[in-house]
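In what comes next, chain A is part of two complexes: it sits with chain B in the first one and with chain C in the second one.
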Partner chain A sequence: MGWGEWISESKRYIIGTLVLGGLLALVPFAINFDMYYLLILSTALLYGVYVVAWNIIGGYAGQLDLAAFAYIGLGGIVAAELFTIYGVTPWVGMFVGAGVAMILAAAIGYPTFRFGIKDVWYALMSAALVVILNNIFHLPELLGSLDHYLPSKYGWMYLRFPTYENLYWFVTVTLVVAMLINLKISHSKTGYYLRAIREDELAAEALGIDVRKYKLLALMMYAGILGFMGYVSIVIQGTYSYHTFDSPNSITIAIMGIIGGLGSIAGAFTSAVTLKIIGEYLRSTLGASIPGIHLLIYGLLLIIVGIFKPDGLAGVWVSLKKKFVKKNVRGEKK
Partner chain B sequence: MIDPSLVANNVIDGVLMGLLYSLVALGLALVFGVMDIINFAHGDFVMIAAYLSWLLAMAFWLDPSIIAVITVPVFFLIGVAVYKLVIEPILGAEPLIQIAVTVGLGYVFQNVALGIWKAEPKSFPNPWFNFSIDLGPVTLTVAKLMAAAISLISLYLVHYLLTNTKFGLAIRATSANREVAPLMGINVRKVYAITFGLGIALTALGASLYMSWGQTNPYLGQSFSLLSWVIVAMGGLGGVVGVLYSGLIVGILEALGTTFFTASARLAVVYIAFFLLLWFRPRGLFARR
Partner chain C sequence: MSSGKAVLEVNGVVKRFGGIIAVNKVSFKVYEGEILGLIGPNGAGKTTLFNCITGVYTPEEGHVVFLGQEITGLQPHIIAQKGILRTWQKVRPFKKMTVLDTVTVGALLRIKSVRKAREKAAEILRFIGMPEEKFDVLGREITLIEHKLVDLARALATGPKLLLLDEVAAGLRPHEMEELANVLRKINKEKGLTMIVVEHVMRFVMGLSNRLIVMHEGQKIAEGKPEEIANDPRVIEAYLGTKPL
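And then the complex of A and B:
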């Protein structure tokens, strides 16, 4: 592939992402600013941000991270506490939260990657991290057993609104930014290094890639995005407590990422948003009689994807494309 | 100052729980060590078995620990069935796929349980052995003592099976080299199916014993899964003995966490120890190699 083509391809993706963002921004008009749907869509797009962020560590670097809500919780609680106790605007607090989440990621990631911990042990450590934070924040000296509420102040200054459309737009913008960061990584040296690490760590190391450094970089970018969004998560929940360090939902994010297809931005976005919307729909219709039906479906999908289609949704898309434009794909590739 | 008899009580409790954890973790260690299968749903088998023990205990009005007579063989068969349906297709797959599929399996179990039994915890209202005896400064719960004793006996039996029987030899041979084992006339698929069944049967035994004083909810499996993995990480490839010691260490750490911090922070103590272990002794404390 030529240099010129690469630029046009990456430009095409950037334009595509911006168009998607523009279309998403118009959705509130299409649904007539219905509060309930806006809440569901805001949550769905928020999960879109999470899963697109997860794609950096899980998709590109191939580390099965199950700690999403460790970083979301920590970043969110830092911003929320700064707001509640010191009256600091979340616009500052969210960046502080992101910074704290990145520091945690570095503190955990540095020794972990330094000692070559990967695969199952990495997944277990990340799952344990959520439980550790959950237990620590449960101590009476920190959050205790109570639910904490944000002060009842509203407006752009606090990112809290009586209705949901402004929050929805804010999440849309962050989603576009998260996708652009992913695109940037995907087409940069870092992205190629990370994919090389995912495919074969030893070979990557032999080629002179600083495996530890790039894995840590991926983990910190992921943690930073999640930590930044933590406050939005708390705004949507309404309260925060030690429960904000949520193990099952951390796993859900990894599940969505895998179903979407490792390393595929479009797959991550589509899988997160579709699964979350279907999940919320099922929860509102069948949730009272069969709680957890949506999670049951996620689980089944994950088993099916794992056994039959390890490339996820992105893989399905590629094979469909191959089926319909067989000649082109063949002509190009070989 | 912390009351020494409280510490003693908690540590004894930790030892008893540790033996039960060893029993559950042994199933995981077998599956991981022999088949190289990463099972993230291990604890969820404990959870489902705990519900089954509770259901049957309610139906027959017998103590759940007695129900183990039914749950253990049933879960052996469930284990073989799950092996055929879900595990066999991912044998030799990359770790991420194995983790994904078994996480999915755990999610299915949890949410089936949530759908059927809802979120409120279930326990058997008329346990036979859930009383304590006073031994001077310490108090012992008979049900836990019994569970610990049965766990210890079962660990010994599995150790005996692995070291002194022909089938144990087949398991060890398969574990050592799965390419050569079939050349020696070992049916590897059969060994795998039985190993997985055995691993799952051990979770059922642990669950039935646990239900003679404990209570279950759809998320019971998550802590059992993580704790079992911590024990396997500590035990390394040190066989049954490594699992036994590691289970005891985890039980005691948990007890110390409860004593010196709060009950809600006890898992943090165990998992922080797990982090340190992975960083500084990645091959475990009792590794043979």
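And then the complex of A and C:
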């Protein structure tokens, strides 16, 4: 679809996304630039970007990808190393990181889709990818066992700041961009094709859809966004090491995507941000006495969603709308 | 009918599964504008033959030629892009997509603009008689006959040159079968679309087809007009067993 057609047909959603971004940008003023809350909110919005990106491969294309931190870690470490060793600004490094993540996605995705690995096998394979990278980067020739620190340089040039509001705003902007990318995909031929593949691969193929090509495209777009954000993840963490390839959090991203509702941009955003904030809150209040309580809550929510609302938060919204507005409601946004 | 040019030529196609020969040297032609019925008892190899034509299986021997072009062993999506579309014995709906979105997926094969593809999809849905209020209903919320119509519509929306229908009448009630047969006749007449109809329900296929092919145990045992086929002793034997003396 051309840009003009897209803008005229999705005006409502584009404006909605921009308004949401504007409101989010005002939040630091409302909380008086409190450093602790800004850190939590930056992390929550960063997870918003991750889950919105996951929505492309998991929500539209229907592939249960558990490898988020393979791409986040690789992209982030590439940008961080370029910065630390060669002094390359992260503004360049982040794009290089995104590129490297996309190359990894292509290298993994091509044979995977070529040999028809899907469903639970795809999930296992992608989960293994994080573990493999974790082990590879643990080698003494690469990162070894040490924590690595970014150089103590601050300012917009390096995306590192003594306080968190600038980083928060940067993440807000990337979130808006990630949501607009999703919106564009959703309303384009690619979006229709990916949803068809999610629903029934064989039927999609028989309608002339090059299933492999479109799955690979979805995987690469997802990996590209994650790889780009990797550096921000490292900035928030403060350090990077082989631990940056984080298996449990890769699974958390998929869980958030499923709770949000497959293929729903608003659902992905809402689920990621609320769950991350609840998770951080629980960790800070009960974390010492009951470690891992937030994971328990995520698990319970996943079960509840699985039983009562398989379409996730987006499904709850649709059925509420159906209850109050007595007319046909679309299951998927137009 | 057989005076037109051949749209599809199947020459000596063989497909084995282990020791079983599912399709054994089957040859036939489909001519432009006709409805060819393909019948035979369970396990006769009809669906396997379909899968050999549409690229789901690659035949071990023989050739499939479509509009003068060899298509044997091509991938399913490429065969669809060339213009051979199919429907499925068991409906394969896009459950979480609306009826209109589902048909739009088909229309996007030849139309770049999503808006124009949606218009085309709506036009096709109206053509096959889907009521407008169903356009925005999800795939999981419609009835079996509506599923069959949506399956048909999304295949039609791609602008096919040959349509393969795999047991479309299966599971339908008699009046629904009649409705579907009328839709198929309308598509054949008004769009001039060539079709192959694999079918179990005799009355349905006899009334619909211009010509019939009968398969039995992987082989083609008869070919001809419906009334000839109905009285062919080999066909009766294949379906009912040997006549008692």
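What we mean here is this: the second predicted complex is superposed on the first by the 317 of 334 C-alpha atoms of A that agree within 3 Å, B and C clash if a C-alpha of one lies under 4 Å from a C-alpha of the other, contacts with A are read in each partner's own complex, and residues count from 1 in each chain.
One rule holds in what follows: a residue touches a chain if its C-beta (ideal position, glycine included) is under 8 Å from a C-beta of that chain, and two chains touch if they have at least 3 such contacts.
If you're wondering where the values come from, they're calculated on a predicted model, not measured in any experiment.
By the touch criterion stated above, A:111 is placed in contact with chain B alone, chain C being left untouched. By the touch criterion defined above, A:205 reaches chain C but does not reach chain B.
Of the two partner chains, chain B is the only one that A:132 touches; chain C does not reach it. Of the two partner chains placed around the shared chain by superposition, neither chain B nor chain C is touched by A:283. Contacts of A:309 after superposition on the shared chain: neither chain B nor chain C is touched. Ranked by how many residues of chain A each touches, chain B and chain C are led by B.
Look at A:255: by the touch rule set out above, it reaches chain B but stays clear of chain C.
On chain A, the surface touched by chain B in one complex and the surface touched by chain C in the other have residues 262 in common.
Across the complex, chain A is touched by residues 54, 56, 75-77, 80-81, 85-86, 88, 92-98, 101-102, 104-106, 108-109, 112-115, 117, 133, 136-139, 154-155, 158 of chain C. For chain A in complex with chain B, the touching residues are 62, 64, 108, 111-112, 115-117, 119-121, 123-125, 127-129, 131-132, 135-136, 138-140, 145, 247-248, 251, 254-255, 258, 262, 290-293, 295-296, 298-303, 305-307, 310. Here chain A touches chain C in the complex through residues 1-2, 5, 9, 187-189, 192-193, 195-196, 198-200, 202-211, 262-263, 311, 328-332, going by the rule given at the top. Partner chain A is touched in their complex by these residues of chain B: 38, 40, 86, 89-90, 93, 95-101, 103-108, 110-112, 114-115, 118-119, 218-219, 222-223, 226, 229-230, 233, 261-262, 264-268, 271-272, 274-275, 278-280, 282.
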